[in-house]
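As structure tokens, here come the structures.
One chain, chain A, links the two complexes that follow: it is found with chain B in the first and with chain C in the second.
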Partner chain A sequence: MKKTKTSIFAAATALTVLLSGCSGVNSGSNNEDPNSGTTNSASGKQDEITLYTIQSTNPNFEAWLNEAQEKSGVKINWVAAPTDSDTRQQKISTILSSGDSSVDILEINDEMATSFKNAGWLDPLQDSVLTSDIVEQFPQGYMEDMLTSDKGDIIGVPSYSGYLGLWVDQKKLDAAGMKSIETEEDFVNFMKASTKDGQYGYGGSWEKTYVFNEIATFVNLFGGDYFDWTNEGSRKAIKFMYDMANTWKVTPVDQIADKYEQMNQKFIDGKYAMVFMWGTGNDYKEANRYGMDQIHMINMPRFAKRSIFTDSWSYVLNSSSKNKEAAIKFLKYAAGEEGELSGWKNFGRYPARADVASHEAVSGDVKVIYTEIQATNEIHGRPMLPQTMEFISEMGTLFQNYIQDQMTLDEFCTKAQEAVEKYK
Partner chain B sequence: MFSNRFQRILLRCLMWTLAIIVAFLILFPLWWIFISSITPSGELFSKPIKYWPVNPTLESYTYLIENVGLLAKSRDTIIIVGLSITIGMIVSVMAAFSFARFKNNGLSLAVAFLLGSMLIPDVVTARPLYDFLRQVHLFDTYTGLIILYISGIIPFTILILQNFLNDIPVSIEESASIDGCGFLQSMFYVTLPLLRPAIATVCIVNFITCLNNFFTPLFYSNGISVLSTAITQLPLRDNMYAVPWDLVSAMGWIIILPIIIFVGIFQRQIMEGIMAGGVKG
Partner chain C sequence: MYENKKYITIAWILVLPALLIRVFTTIYPIIETFRISLYDVKLLRGINEFVGFQNYLNIFQDSKMIASINFTVIFVVGSMIGHIVLGIALALILNMKFAGQKVLRTIVLLPWAMPMVVIAMASKWAFNNEYGLVNDFIRWFNPSFHLDWLIHATTASHAVIAVDLWKDLPFFAILILAGLQFISSDMYEAAKIDGAGVIRSFFTITLPLISKNILVLSIFFTMWRITSFDVVYAMTSGGPGESTALIAYRITTEAFTNLNTGYASSIAVVLFLVMALLSALSMRAAKRVDY
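Now for the complex of A and B:
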């Protein structure tokens, strides 16, 4: 009896201790009572925002955060966003659509920007943050395609620029007796020359949700329009990809199962001579395959024109935010030179602003090629529609059917146009 | 005679073959996840496939401990799961006792509602609950999450405990009553000790259920993060399209390891409890 009572007492005490330890401490954010920071001189209130970020698990996040707080004069609480894309989009959609004011600034990618920019959930920034002198430094095509709503409002501050660039294996280029790939003819010749002994001239990730990037890239290079499949350039692009796989056999059809992980590994292993890939080559660096004599990025070839896609993560302002004044201070910092340079320094992300990219603090191979691309290419955001993933997936399925001879070019173009109309 | 022996051997061979196939189907993915977690990211997709990495490394685990806040997430998990199971069990025992010992139409309807709630998918109630929790300031709080976890485990717990209680003769409690026990004394000193194996079993099953719960902490909290959702917060690599499979695999092992250990230790109790408390025809 005594033992039972003692046990009950011990359990109750443990429960009380546990409950008392439950307040305000959590592991996915730093939303504690602020004990430092700056104050708003007009109201005496502390300038404070909550940032929904994908970077919190990056080893340099603390350094970035401290710098951002110091330079913007705003105390930044942060909440870790899921880095898994489906989960993240679901969470952010819920936050924005429900009028949740617990988050002021969010980091969103191209897919989310396309889905949200006309929904009225994000505040326009052109009057407060992205004034014309700042906007003109960002890639114009990208700003128009991705971050400008139908009403003409600019809803996001790009935090970096990442090109879907052409990466080549220099050894294979040398073996083909070529110095560079400047034209469509060079591109085809290199593919044909490098296809031998089970190796291919071109590698792709043609899984149905990934191939969209390559289709759109070729459409752009041929001067087509991804939303118009009666356009001759669009038809040429898709026929070109068909010929690569089936007529010239310079790329394997079985890559319709490959995503970037598989494609990159094959490229690293020497199975491919060139690929289109995002980023600054970290995968190749980790595999000791990066360098001007190995795998490196080159300028886009000129088919009908030189054209390249860029992507970014952009900071956006939640319309329901109750800390807009502080949020705008942070956004001004993020859109400024210090903010862009901090992204480069801490996360290795190439500045989206041309003037910041030319800063001496930004250096290395990537700067050389990015500068050349900026000077010679049309830079665009990818062609996306509000129901982004559904559209991408449907187009990918059509492409795979066409590549596997399950439909003709005309049938592909007709159905692709129907998909455009359906999701537009 | 020979034929019977041969049949026995054949049957045994068949049984072992099936057992090996089933074990392989279950264990191979776990093995694959494990070796992926100790393979450097640059070697993950190398061909030919390697069933043991050339350069095994614990870097992924170190990275997770240093950068993903595993210790804090473990603490949050223990707090939420521990309190949910404790409070949920207290409520469930009392409810199951009432449902088993007192019979009327209202209580039968209540049981039907409770069990019926198990059939409603989480996603149906997600948005209204999200708005509700925000309005009552329980969103992203331990209290809010614990309430949701408890509501998730109560129907199953009551179902099992009620079936156990139905098998305990009422005459025992009546004897205790004749000996001078009041209602609460009879419940605590007579019925509850008999219910102990069932409570232990349900606690174990609830522990696993709560540890595996992914949707609730993901949807109803931002800052509080438990182990099951940590897999959604791994860092993006050079480009945002490549999944960091080495980290995903390491995180996967960290999440499932406690469950494997727990089930390994308590598997007999789990099976016995579920069999004994199962719904009878």
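Now for the complex of A and C:
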């Protein structure tokens, strides 16, 4: 009898231990000390959100976080997003699609914004955060293409405006005896002049999910349409990229394995004379290669036209969030002048709001070139479809096959058009 | 009799928590995966329609999936041949008596102790034409050698198999070594007296006596290879094109990147059935081999 009682006690203990092991899991988020004044006036409960961020590895993240908490009045717990783009997208897709409420605000890129904006996973912000006076300060075309759903809801606050700009190595430009790259002819001449001794005139990141940016850029420059592969401009663009790699050999076919990290390392090491790259040159600054006499951004050349892509990472509100009131407070801060300026000051992100970009605190060579680009280029959001990554990956695979002579130009264009029809 | 029943009841109560957890974490997901596989679920488009076995039919008409199946077969066969041949060779070397034998045995296991994702990310650089240590090594002997391994389907496949071997071969060898150490040295001495050389001793004594070890290890290593995912995820992203996309990688991509949950589930069910079938066949074969 005693033995039986002991056994039952053991079973009960085992069950209790097991069940207790199923609860109270630490989320792994990082809690910073809240600043004063972060209380919800209605309930007396402290305002608190969890932010899923890509900036946590930035050395100035702590300063940005403290400022955001102080100015927004919200305690911000944060979770670091994976640095690998595929992993990051998979995690964010899983969080949003599963109704996970452990994260309130997420930073998402254009690919994710396009995919998620009609899925009903993100709360509309036009009534609470992005009122008309604020929205009109953001780039209108970008807001409509990337952040506005079919129902007309605006689902994100752009944290900055970036361009997929042309970065050149000034020393190589000087060595080629050129002052600038203004036309298609200049572009080709510079590539040819800079290709020697194992160095190339142009560098790309042609990994199948990254090459999309460059294909679309050349399509734009040649006046084509990424969704129309019968368009002569689109065909010219893809043929131009083929010629760069195979006819003129001014860029290596090897780069079809490269993402930005490999491309940038080669550019920094002097293996490339120019690249298309996002951002304000932080990688080059860290490598002491940034400057008007070294690597810097120049205006886009005119092929059929001058055209450039803009992008952003946007703050979005998870529909499943349990802290929407606090999240909206944070988003108001992020969409406001202080939030945008803090992004510029701490992360070097160019403000997305026109009125903030014109602020005297925003200055330097980036502002000069951005202003020139805005004055002279057609500015577009990138061409994306709802099944964004699937479409991008399929186009990238086709491109890699074409570049490696596994299909002809006509076959590429036919299959590319089929992919457009399939995913549109 | 009564006591027996009581103890059985208590035994069931004791294992019940574990059983419940098992049902929740294994049986339920399997049933749910099969159910979802009968639907066309595209989360991004809000589609969720019952399509019967259409997803299963699509698997064999999808060129990406066929490429994945082809590469998975090449990867599993290539890697397993490498494991068996090189694993036995390495085990024989480690079984020899020489100074520093223990140190070598420890060092050999180091790659196995490293996470595959770390190895694969490092390998992406290692196989780079400009910066990679693989080409750097080859250039000691052939200074003009240039090859970016990961941009051609064939060389990328070889690189992926090589990395997989580099990581897990030592573990395979150490387990074979454990089998070798059970073989009595008397048998080799007797064979030597009978005039058998080293090669004959290997084929008539060593190999038959470790064959069951090899078979059992091969079963598990084959299963792990079939469900491998991390090596291509971090090293090639399934490229160039789709040429190194293993089936498990394809499932992950369809499920978590493309959010085609129904289609991903149907591939997962097929993979599950293949694994179950192979396991049954292998276990039966293992029972029959007895020296």
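Basically, the second predicted complex is superposed on the first by the 337 of 424 C-alpha atoms of A that agree within 3 Å, B and C clash if a C-alpha of one lies under 4 Å from a C-alpha of the other, contacts with A are read in each partner's own complex, and residues count from 1 in each chain.
What we mean here is this: a residue touches a chain if its C-beta (ideal position, glycine included) is under 8 Å from a C-beta of that chain, and two chains touch if they have at least 3 such contacts.
What you see is a predicted model; the values in this text were computed from it and never measured.
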Is A:L130 in contact with chain B, with chain C, with both, or with neither (first, second, both, neither)?
neither
One more residue to check, A:E207. First (chain B), second (chain C), both or neither?
second
Taking the superposition on A as described, I'd like to know which of chain B and chain C A:Q262 touches: first, second, both or neither.
both
Where does A:Q404 make contact in the superposed view: on chain B (first), on chain C (second), on both, or on neither?
second
Touched partner set for A:F116, first chain B, second chain C, both or neither
second
Most chain A residues touched (candidates chain B, chain C):
B
Examine A:A326 and indicate which partner it touches, taking first as chain B and second as chain C; both and neither are also allowed.
neither
Counting only touches as set out at the top, which of chain B and chain C does A:I49 meet: first, second, both, neither?
neither
Name the contact category of A:N282: first (chain B only), second (chain C only), both, or neither.
first
Could you tell me if A:I369 is touching chain B, chain C, both of them or neither one (first, second, both, neither)?
neither
By the touch definition above, which chain A residues appear in both interfaces, chain B in one complex and chain C in the other?
11, 15, 18-19, 84, 94, 262, 265-266
In the complex of these two chains, what residues of chain B are touching chain A?
40-42, 44-47, 63, 66-69, 72-73, 75-76, 79, 82-83, 86, 127, 130-131, 134, 139-140, 142-143, 218-219, 221-225, 229, 231-243, 245
Which residues of chain C touch chain A in the complex?
6, 10, 13-14, 16-18, 21, 42-46, 124, 128-131, 148, 150-152, 233-234, 236-237, 239-242, 252-253, 256-260
Quick check: in the complex, which residue numbers of chain A touch chain C?
4, 7-8, 10-11, 14-15, 18-19, 84, 86, 89-90, 93-94, 97, 115-116, 118-120, 207-209, 252-254, 256-257, 262, 265-266, 271, 386-387, 389-390, 393, 397, 400-401, 404
Chain A to chain B touching residues, read off their complex
11, 15, 18-19, 21-23, 25-29, 31, 52, 54-59, 79-85, 87-88, 91, 94, 98, 100, 102-103, 109, 162, 210, 259-262, 264-266, 268-269, 277-283, 286-287, 311, 313, 348
